[in-house]
Amino acid sequence: MASVARVTTITSRSEQSFEDAIRQGVQRVNETLRGVEGAWVKDQVVNIADGAITSWQVTLEVTFVLDGAHGDASSD
Amino acid sequence: MASVARVTTITSRSEQSFEDAIRQGVQRVNETLRGVEGAWVKDQVVNIADGAITSWQVTLEVTFVLDGAHGDASSD
Amino acid sequence: MASVARVTTITSRSEQSFEDAIRQGVQRVNETLRGVEGAWVKDQVVNIADGAITSWQVTLEVTFVLDGAHGDASSD
Amino acid sequence: MASVARVTTITSRSEQSFEDAIRQGVQRVNETLRGVEGAWVKDQVVNIADGAITSWQVTLEVTFVLDGAHGDASSD
Amino acid sequence: MASVARVTTITSRSEQSFEDAIRQGVQRVNETLRGVEGAWVKDQVVNIADGAITSWQVTLEVTFVLDGAHGDASSD
Amino acid sequence: MASVARVTTITSRSEQSFEDAIRQGVQRVNETLRGVEGAWVKDQVVNIADGAITSWQVTLEVTFVLDGAHGDASSD
Amino acid sequence: MASVARVTTITSRSEQSFEDAIRQGVQRVNETLRGVEGAWVKDQVVNIADGAITSWQVTLEVTFVLDGAHGDASSD
Amino acid sequence: MASVARVTTITSRSEQSFEDAIRQGVQRVNETLRGVEGAWVKDQVVNIADGAITSWQVTLEVTFVLDGAHGDASSD
Amino acid sequence: MASVARVTTITSRSEQSFEDAIRQGVQRVNETLRGVEGAWVKDQVVNIADGAITSWQVTLEVTFVLDGAHGDASSD
Amino acid sequence: MASVARVTTITSRSEQSFEDAIRQGVQRVNETLRGVEGAWVKDQVVNIADGAITSWQVTLEVTFVLDGAHGDASSD
Amino acid sequence: MASVARVTTITSRSEQSFEDAIRQGVQRVNETLRGVEGAWVKDQVVNIADGAITSWQVTLEVTFVLDGAHGDASSD
Amino acid sequence: MASVARVTTITSRSEQSFEDAIRQGVQRVNETLRGVEGAWVKDQVVNIADGAITSWQVTLEVTFVLDGAHGDASSD
C-alpha cells in the first residue's frame, strides 16, 4: 500500500520560459526517481545580464511515492 | 453604488499550460457570476504520471462586484 | 445545534474612513445572510487620485452560522 | 470535463475531539454540496470555561468539483 | 560528535486518523533511516469521496542525526 | 467590564496523544490563572527515540480575561 | 542600562472604534506595568450581533522596558 | 502606455490617529512623486511614553505609475 | 568591488501573458538603471472585464548592483 | 514531571554584536526565571545614528520549564 | 517635523562575516542618504565554492528619515 | 548543462557561535555532496542549561548542483 510519499525541493533553469524550466526539472527528476506524482511551484525568478533575460528559473517541491518493497526512503 | 465585492477561491486544471488553466477558470466563473473584475494566482501545481506532466493546475482568488439591486451576496 | 459556520471574503470601499467601509460591508452582507457573527480585517488599502485619497478599502473575512434547518451551505 | 473546483471555508465545533469536529463539518457540507473532494485543516482551537475544555473547533478549507452541466458556481 | 542533522519532508496517509498517519509515517522512515529524532506536523488534510472521509493525511518534516562515521549525508 | 484579555504561549507534552497534551496544558494553566477562555494550537511535534514516538507535543496560545479588580496584568 | 525589554500580547475590545480599543488596552496595561514603550497592532476584528457591530477588538503586542533594579522579568 | 508602476515603502507618524498618519504620508509622497495610485497599510504601531500614546505610526507600500516619457524609474 | 546591491519593486502589465509582462517590466527598468541582475516574481494577477482577461500583471522585486564609483544609492 | 513549558518574548540590545545581545538577554532572563531551556532568534535589527551602528538588537522567544511544585505559571 | 521615513532594501556581501556585511551595507547607504535610522536583517545567505564559504550576504531593510525641507522622497 | 539543482535542509550546532555552526554544517555537507553552491539561514536557536548558552544552532537550506553525468538526484 503506497501510503507514504516523499517531498524534495529542486531548482530548474531554462533559457526559454518558466514552463520549459518546469518540464526540464520534472524530466531530470524522473531519471532517478520513480513514482513522481506532482510538483508545486514555490518560486519563480528571472536572471538578467546586459538588460536581457538570460534564464527563467523555478523552485519546485516535488512529491513522489515510496513503494513498500524498496528501501528508497534513503534516496531523495 | 457598487462598493462591495466578493472574493471566491477556485482551482482550475488544463492539459496545456498555467495560462490556459487561468483562462478556463475565468471562463467557467463567468458562466454563473456577473461583475468579475480580477483574479490573483495563489498557487501553481503540475500533476505528473509516468514521468510526464498530465495537467497544469492553478488556484485563483476571484473578485467580483456585488451590485446593489440584487441579493446575490448569497451566491458565491 | 449551530456548530458549523461559514467564512466568506468581501472587500468594501468608503469615501470616509476604514471604519465606515467596515460598517458598510457588514451592512451589505447582512442583507442576504443570516447569522453573521464577526469579521476579521485582512487588509486595508487607500486609493489615490491627483494626490488625494479617493477611497478607503478593506478586505474582510466574515463568519456566519449555518443553522441546521436550512440548506444554505450552498449560499455564500 | 470536471476541471474546475471551488474552495470554501467553514468552521466546525465538537464537544468530543478535533477529528469529530472535522467529521461533523464534512457531513454538514455534504448535505448541500456535491463533489466534495477534500479538506485542509487551517486552524485548531479549543474553547475553555471554568477550567475545562468545552469544545474542539477546526477551520477547514473544503474543495468540491464544479460539474459542467450545472450552474452551481454561484453556490458555495 | 553528532552535531549535524538532516530534515526531510514526507506525507503519510491513514484510513483511521491523523495520529495513525503520523505513526505509520514515522515507522516507514525508520525502516531506512537511523537517528530519527522528531517530526513537525506541517499540514493536515482529509480526502473525501461520496460524502465520507476516505483518508487522513499529514505532511511531516522529519529530523534525523547524521553520525560522523558514515557518509549518509547523501541519503535522505 | 472584562474587555481586556492576555495571550500567553505554552508548550505541553504527553506520552498519549496531541489531545492529551492539550488537556494537560490547559489543566496546568488553570492552576495559576483565572479566566482562561481558549487556546489556539500553534504547532504540533512528535519526539522520537529508537524508532518509536516518545511524546506528542503542542504549542498553545492561551487567552485569559483580565478582570478589572485585580492587578494581574503583571502575571502571565 | 535599560537594554532588555519584554513583549506581551493582549486583546482589547471597545464599543466605539479600533482606536478606542487600543487606548483602553494601553491604559489597562499601564496600570500594572512600568516602562511601556509601544504596541504593534497584530489583528483587528469586529464582533457582530443581529446585523450590527457590537464591538471593535484589537490584538496588541506591547513592548515594555525591564529596568535593572527590579526582578520583574517574572511579571508579564 | 503607462503599464509599469513602482512600489515604494514609507512610514508615517501622527499625533492624532492612524488615518491622519496615512493622510500625511500620502501628502508627503505626492510632493515629490507623480502618478501615485494607492497605498497598502502594511503595519500599524502606537508609540507610548509615561502611559500615554504619543504617536500613531503606519507603514505604507505606495504604488505610483511610471510614465514613458520620463526617466524616473531611477527615482523612488 | 560591487558588493552592495539594491532591491526595488515594480508592477508590470501586458495584454499578452505573464512572461510578456515580465519582459516589458525588465526592459523598462533597464532604461534607467544599470546593473540589473535578476527579478523575483512576487505576485501574478489577471484583470478581467466583460468576462475576458484584459491584462496579465506581475509584481517583481528587481535586484541591481550599486557600483562604487557612482552615488546612485539615492536612485531606485 | 516537567511536561509543560512557557514561551516568553524579549528584546535585547548590545553595543557589540548580535551574539552579545543574545548573551545579555539570556543572562537577564536567568536572573528571574528558573528552567530556561532555549531561545529562538525571531528578529535582528541594527540601530544607526550619524552613519554609524549604535546598537545590535535581537528579539528572542525564550522557553522555560514550569516545574510542578511551584505556581509560577503566573510568572512570565 | 520629520514624521515621514522611507524604507529601502539592499543586499550586502562580505568575505568576513554577516556582521561585516551589515557594517559595509550601512556604510555604503550612508554615502548617498542622510537620516539613516536603522536596518532590519531580512535574510542571511552564505555563498560556497569548492567546499568553502566565499561570502556572507545579508538583505537589509533600511529606514531613513525624509526631512521636510528637501524633495528627496524621489530618492531612495 | 548543469541547470538543475537540489535543495536540502540541515541543522548544525556549535559550542562557539552561529557562524561556526554554519561553517561546520557546510563542511559536513561537503563530505558527501559535490557542487554545493550556497546556503540560506532559515532559523537560529540557542540552547541553554543552568543559565548558560550551551550551543548555537542553525537550520540551513543548502543548494547543490546536479551534474548531468551522474544519477545523484536520488542522493540528498
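All chains are identified by letter, namely A, B, C, D, E, F, G, H, I, J, K and L, in their written order; residue positions are counted from 1 within each chain.
The rule is simple: a residue touches a chain if its C-beta (ideal position, glycine included) is under 8 Å from a C-beta of that chain, and two chains touch if they have at least 3 such contacts.
Chain identities (UniProt): A, B, C, D, E, F, G, H, I, J, K, L = Dodecin domain-containing protein.
Worth saying up front: this structure is predicted, and the values here are computed from it rather than measured.
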Subject >> Any chain that touches subunit D and subunit C >> reply: B
Original post:
Quick one: how far do you have to rotate subunit D to sit on subunit H, C-alpha fit, nearest 5 degrees?
Top reply: 120
Original post:
Thinking of C-D, which of G-J, A-B or C-H forms a repeat of its interface, with over half the contact pairs identical?
Top reply: G-J
Subject >> Pair with more cross-chain C-beta pairs in contact, given G-J and D-E >> reply: G-J
Subject >> Euclidean distance of C-alpha centroids - subunit F vs subunit J, Å >> reply: 20
**OP:** Please report how many Å separate the Cα centroid of subunit I from that of subunit L, as a whole number.
**Re:** 32
Original post:
From the C-alpha centre of subunit B to that of subunit L, how far is it in Å?
Top reply: 40
Original post:
When you check subunit J against every other chain, which residues touch at least two of them?
Top reply: 8, 72, 75-76
**OP:** Could you please write down every pair of chains that are in touch?
**Re:** A-B, A-E, A-I, A-L, B-C, B-D, B-I, C-D, C-G, C-H, D-E, D-F, E-F, E-L, F-G, F-J, G-H, G-J, H-I, H-K, I-K, J-K, J-L, K-L
Original post:
Given the complex with subunit E, which residues does subunit A contribute to the contact?
Top reply: 3-8, 61, 63, 66, 71-76
Subject >> Touching residues (chain side subunit A, partner subunit I) in the complex >> reply: 17-18, 43-49, 51-53, 56
**OP:** Flag every residue of subunit L that touches subunit K in the complex, lowest number first.
**Re:** 19, 22-23, 26-27, 30, 36-41
Original post:
Taking the complex as given, what residues does subunit K use to touch subunit I?
Top reply: 8-14, 21, 24-25, 28-29, 31-33, 55, 59, 72, 75-76
